[in-house]
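Structures given as structure tokens follow.
Both complexes below contain subunit A, partnered by subunit B and then by subunit C.
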Partner chain A sequence: MTLPPGSEPVTMSSSSRPARTRRPVVRGEREPTGRIGVFLCRCGGSVDGRLDIESVREKVSSMDGVEECMVMDFPCSMESRETIVNVIRENDLDRFVVAGCSPKAVEARFKSTAQESGLNPYMVEIANIREQCSLVHNLSEATSKAGLLVEAAVAKCSLLVPAPHHRGRVESEEVLVYGNGMSAVVATDELVSEGAKVHLVLPFSPHRLVFNYHDGIRPGHLEDMRDRITDSDLVRVHGHSSVERFEGEPGAFTALVRSSEGAEEIRCGAAIIAWEASEVPSPSLNGSLVVTQAELESIMDQGRVPDRTVMITLREEDTYCPERITHIEALRNAIRMKEMDPRVQVTIVARDVLAFGLSELDYREAMSRGVSFIRTEASPLITVGDTVKVRVKDLNLGEELSIETDLVVMSSWTQPYDTGHVAQVFGTPVDREGFFIPTQVKLKPTASIVEGVFLCGTGVESKTPSEVVLEARSAASRAKAMVSSKMEWGGAVAEVDPESCSACLTCIRSCPFNAPFIGETGKAEIEIGLCQGCGICVGLCPSRAIQLYCYTDGQLGAQIGALVGRVR
Partner chain B sequence: MGEWGGWSTTFEGGGVKLKQALIIGAGIAGISAALGLADRGVFVNLVDAEGTIGGRAKELSCKGVDECVRCDVCLAIDKLYEVGASERIRVFPNSTIRSISGEPGNFRVTLERNPGYVSEDCTACGACAEACPVPGGAIGPPGMGIPLTYAIDPNACLWMRGEDCRSCEEACPHGAIDLARGKSTKRLQVGVLVVATGFQPFDPSLEPRYSHDLIPGVITSLEAERMLNLDGRLLLPDGSPPGRVAFIQCVGSRDSWKGVEYCSKVCCKYSMAIALNLRALDPDADITFFYMDWRPYDLRGGDIGEWASRDPRLSIVRSRPAEVLASDSGKPVVRYVGAEEEIAEDEFDMVILSIGMGPPEGIGDMAEMLGLEMTPQGFLWTSVERPAMTSRPGVFASGCCTGPKDIEESAMEGVAAAGEAASFLEGSR
Partner chain C sequence: MGPRIVGFCCSYCGYASADLAGRQGRTYSPGVMIVRLPCSGRIDVLHILQAFRKGADAVFVVGCLEDNCNFVNGNFEAKKRVQEVKDILDALGLGAGRVEMFNVASNQGWRFPRIVEEMTARVEKLGPNPLGVIADDNR
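Moving on, here comes the complex of A and B:
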């Protein structure tokens, strides 16, 4: 077990109870011990009445180690929790079981109840006899299932050992932003306005940052923002640099930033990867008759507008994979052409016009200005001569059309480049095309799989500039909140028994969170600040040297044994 | 929770920014903003007109079939527990804003608390329920509600029905019950406001040609979600499962006749998820989509064209139906312009209207009271560059009251609003 520098174990010894042995024996079987309290919840009639709680109480109170077993109305209410604290103190209990509703709803409360009683917060076991019993079964089934679940919880509870529980001091409140475009600038701006110090690491000079304005953002706004942050006292810009190494844990990361002038170690509390995808050139482009939307914009910037234009928003591949931004871009540019000269013909070829939300207003405006739309499913065939011919199957007419035009504008597709090395350095996975994969836990928008590292930008998913702004501000806001908060680690974390470890590196290779490492003794150790308690290393370790606190083999065995009958 | 008494009353005003926030609306955006502010040490008053927090999302169903389809409904539900566990968030259910005065940094707010028979002093000890003489009880806990306080059922309560019984009032050890109280007011002083009042689902009676409430089997997508949420199935009024189901997209969206010129963003995504659920429940059900443009906001949700190409029982029709009529047997018939520009009619067992999002009720009054600008579409105006900034300092807005959004985007905007509000309080903005 390694503690991050500066963190200290939370002391549990507020009662007169003798302190437990310091080195918790996680590994292997352990004799059931302890003085257990069991608190059964009536839940105001949603448990009691739908199952026979008295018979559950009778069954459980005779179990080994159960010193106190009582039925309460709402153990989760503040008043009942005070009662629980008193019962624990009076009976000198050292662990307890609560049977009531889902642990999701109540576990946090009972952990703090345990702490208030002077126990380790993980000396609590919750049995769900509401959602899993009384709400879904008839009286007799619910009663017998509840009895089993509570027995299993008691069996597991008797083997609980105090799990590590540490509060870390945030070593550095600075935030590292590693990016290559708009989202890096916006995230830095948000951090600065929230008062955070920022290291902005860019692969090139900040003046080479380019921005896209298709979504109502005031032209020039992002350049102003860029100049403001590069001048800010709170920001250190590392231009022409890359992050070569990134390690540590939330609140205390170390990044090695290399530039042409050398390498430098930076301390930071959190990091934001703000990577933008870049355009993938279409194979049909030829620079004069077949151009990109960006090239069309520079033609219009020179005051020129062709008489006939066809815009194609489909990809030149079979897969239908629309990007929102391409449609918004096409609509805005079509409107601009019509504004410059209402006589020009503009045709947009699309399967569906993706004008989400208020962009629908642009779609309406384009239609009212006379822009025509052709619906098709396959990408049109383009033949270039003196003019360009576009052959397209119109779904509405059911016929093949051949359109002669002066200019074809292809939407470009984006793909993040160079994300492989970023992914490797930070330990955040990318998919086949190079897009960063956000954490599977959908409960945390902008979170990456690595605690303390946040993701934003089109390198995660194609999005419009206003969505990039929102996401970047949200990521920055979360990073700032993280470095300003108290961090707690512990509970269900893995621990290596150094005597059994053969340093085979299986855990290091298999951990998705980069938590295991080889320590000074040459054995594997786990950074508890990074461990998410997934249990993969526990299952894969060939020496069975790793156990997970709160879910040890012995505890799970006892729990299962109580449910299906123990085989001795 | 002991900290509450101390900070709520003794702040000095006068140029000082009070480190307290008022969040109006406890849906996903409001909750995200509340949690974000609480994380930064700001005390939060979270107000909602409903009896429990969670907003619209708590009516929605998880749409996962074999695997998660990223409908994000669980995101909202799980956050409720975090609010319940936070000691810096105080929830005022059944409450509305009566007035707001003062200036950014020091707003004076008066809340109107609707039938506040039970005050926030309730600890859910259950003494009142034991004392209640009504068989089955007229007072009880509101299920898994947050906050966990008891509520009185005015229809069952003897006192409310004119009899002389105040047993619960006498039994309450905390003096939390006052049957005579009725509406009450509460004054608060806060530094910042976050408006997160959500949206109003389109009222299908405004689109009478689709015969909602007139022909059995014509339901809104929201009704379909509630049914899936509570029952796990979609059933016709007679209790049988539907064999032929139609979805009509863009009801109350993209319709200038109804004054709704925008796209509601979420309907393609959620209706496809409902359809996938239907398919999982009944592999033989015939499903038809009537739509104009297929716009799945979360593009990972899958493409309807691709689905239709491999599922012979899924039809997609690019047409906006003219009306829904009743057949001789009383079933809904969808009338539309077919592929050959002919008038086509198709009979279904169930027609699901994919209703869009409108500005929330009372947002105009709220904007006037707070001096906020609105968009021509009737939403609160916020800056594109700073997504939670309204036209007035110290007042922020997030979620669907600034335009249609999905759950994930609302959550992100709530987090962004918390950042803006916190930095306003800290004086750096």
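Moving on, here comes the complex of A and C:
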């Protein structure tokens, strides 16, 4: 994405955030009694009317353990949830089932309802009788299926145990930013503007931070930002330093920062790895006739434009090449050359021009200004004599072309070289090329595998400077949000039974989030703050020593039994 | 109600695609019972075998698209376990085709009914689960 010159994404400072108005009432959790309440939803006609809810109620109310079974209009509404709280208290229920919409839509609400009525928030089970039943089956089918679904939910619910959960303030509200360039500066600036205390760890002196300008960022802007953060009271800059050790859990990490003057332990609530890739030295540059795009820019800065130019934006097969970035760069420079002198010939050799988003406009403009494009698969052959000849196979013509030119411009690439050590210290994996691997680009942008550690910069993926700015700000906002909110963890988390654990390390090797570790007793333990509740370790454990709260083998077995083990 | 089929669905993609199918009104056989898992990686050989022992005619596991799992590699773990069950079913003579792993995205509501169709067709070919009769008799 390209931003208009001088503009920057709007940021939300901490002072402009609306205060939370409603606070949930949390009281001491009650002792389990095994008494179940079932609340069936009519859902304004999308459940009732499409299935016979009364017959479901009759069927379910006779089940063992069901003390109360009632049909409600919208259990998820505020009034109905107050009714549920009262019913739970009056009947001394310790768990309940809600049958209605998908749990994905309503689970969070009923968890807080459970908490408001003094129960563990994970003592709720939702039966999906709308999306997966009443909306897709006819009346008689839906009625009998809904009966089974609610029975299965009751069967699972009767085996629920209070799950460990914790809600508290973070131990440290400081954020560690470990970086080597632009994204570190932008992330630190964003954190400072939101009022966070920052430890900025740099492998060199802060004055050696240099920036790459184009793509709409005002020249000097980043230098100003650098000076602003190095002068800020909120920022402690650790120059010539590296992070040697990083451990703990979200909200309470400890980092060992080593500099030439010695090592220091830093407490922080979250960390941002803001690593920039460095330029790959191009192997085949040959004198002044073959240059890089950056060198072309400096030639143009001197007011000179060669008559004939060929830009090559691809590399040998199987080598990493961020084509989108090189194409954006080539298009921009080709347009600039045509602007300086419309008579010059510019040819761009590409596998396929990847200019999407607003750079599509650059592609159109380059076409209309007469830049020619050659589509090819293999890297062209360059021979340098008095002039330069480029031999390239044009896929559209199906013929080999030999182009005589005055200048060949090769795209250069960036690649992170020194990320292996960082990755090892923080426990975030890198790929074959050395780029950090983000977990979920769409669902959790900037998140790394380690909860509380965020990623940004070109060390994650090649991107344009304005994308770097956006991403660094996003990482900073997420880190700040994390350290200023109350940390919540627990719920569906895995737990090891030390009696059964044989310390075989299977869970430690299989966990994507580095949550299991061998504790002081020599048995595996799971760090509750890092466990994301996927349950991968549960099925792999050869000693069957691990269980996942809310999805134990017993609970799932009861659910499966109720769903299929019936004569129909 | 048609063949008894159990679908183990990961919360992020499989379950969400079934929900979407429902909201879009895409109908499928009512014999399909969905069990929600946090991630398809939570599936255990035990759960699939339990379903067959109780009389399920077919079982399918739905995870996120490959390389797109919310828990990094849960769907690959699930795939391995489904393969283990296939081997067991073959050894038992029940037919490896009774169990299958699918990968869908949460926005692919249209795929869920197709998965059900596919599994229903397989049950029609393989016949009902012989263990279902025993499970029903013992009740």
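Rule of thumb we're sticking to: the second predicted complex is superposed on the first by the 449 of 568 C-alpha atoms of A that agree within 3 Å, B and C clash if a C-alpha of one lies under 4 Å from a C-alpha of the other, contacts with A are read in each partner's own complex, and residues count from 1 in each chain.
FYI, a residue touches a chain if its C-beta (ideal position, glycine included) is under 8 Å from a C-beta of that chain, and two chains touch if they have at least 3 such contacts.
Everything numeric in this text was worked out from a predicted model, so none of it was measured.
Touch criterion met: A:Leu556 reaches subunit C, while subunit B stays clear of it. Contacts of A:Val564 after superposition on the shared chain: subunit C is touched, whereas subunit B is not.
Which of subunit B and subunit C touches more residues of subunit A is settled by the count: it is B.
By the document's definition of touching, both partners, subunit B and subunit C, reach A:Lys104.
Using the contact criterion defined above for the overlaid structures, shared-chain residue A:Gly535 touches subunit C, although it does not reach subunit B.
Contact with subunit C, but none with subunit B, is seen for A:Leu148 once the two complexes are overlaid on the shared chain. Overlap of the subunit B and subunit C contact sets on subunit A: residues 104, 443. Within the complex formed with subunit A, the residues of subunit C that make contact are 1, 4, 6, 11-12, 15-16, 18-19, 21-23, 25-28, 30, 33-39, 41-47, 50-51, 54-56, 68, 70-74, 77, 81, 135-136, 139. Interface residues of subunit A facing subunit B in the complex, by the touch rule stated above, are 43-46, 73-74, 76-80, 101, 104-105, 108-109, 190, 193-195, 215-218, 221, 320-324, 351-361, 364, 375, 377, 395-396, 398, 442-443, 445-446, 461-462, 466-467, 469-471, 473-474, 476-478, 480-481, 484-485. For subunit A in complex with subunit C, the residues that touch the partner chain are 102-104, 128, 130-133, 135-137, 141-142, 144-145, 148-149, 152, 439-440, 443, 449, 492, 510, 512-513, 532-536, 538-540, 548, 550-551, 553, 556-557, 559-561, 563-565, 567-568. Within the complex, the subunit B residues that touch subunit A are 1, 36, 39-41, 68, 70, 72, 74-75, 78-79, 81, 84-85, 123-126, 129, 137, 140-141, 143-144, 148, 254, 256, 261-265, 293-295, 297, 299, 303, 305-306, 318, 339, 375, 377, 384-388, 403-405, 408-409, 411-413, 415-416, 418-419, 422-423, 426, 428-429.
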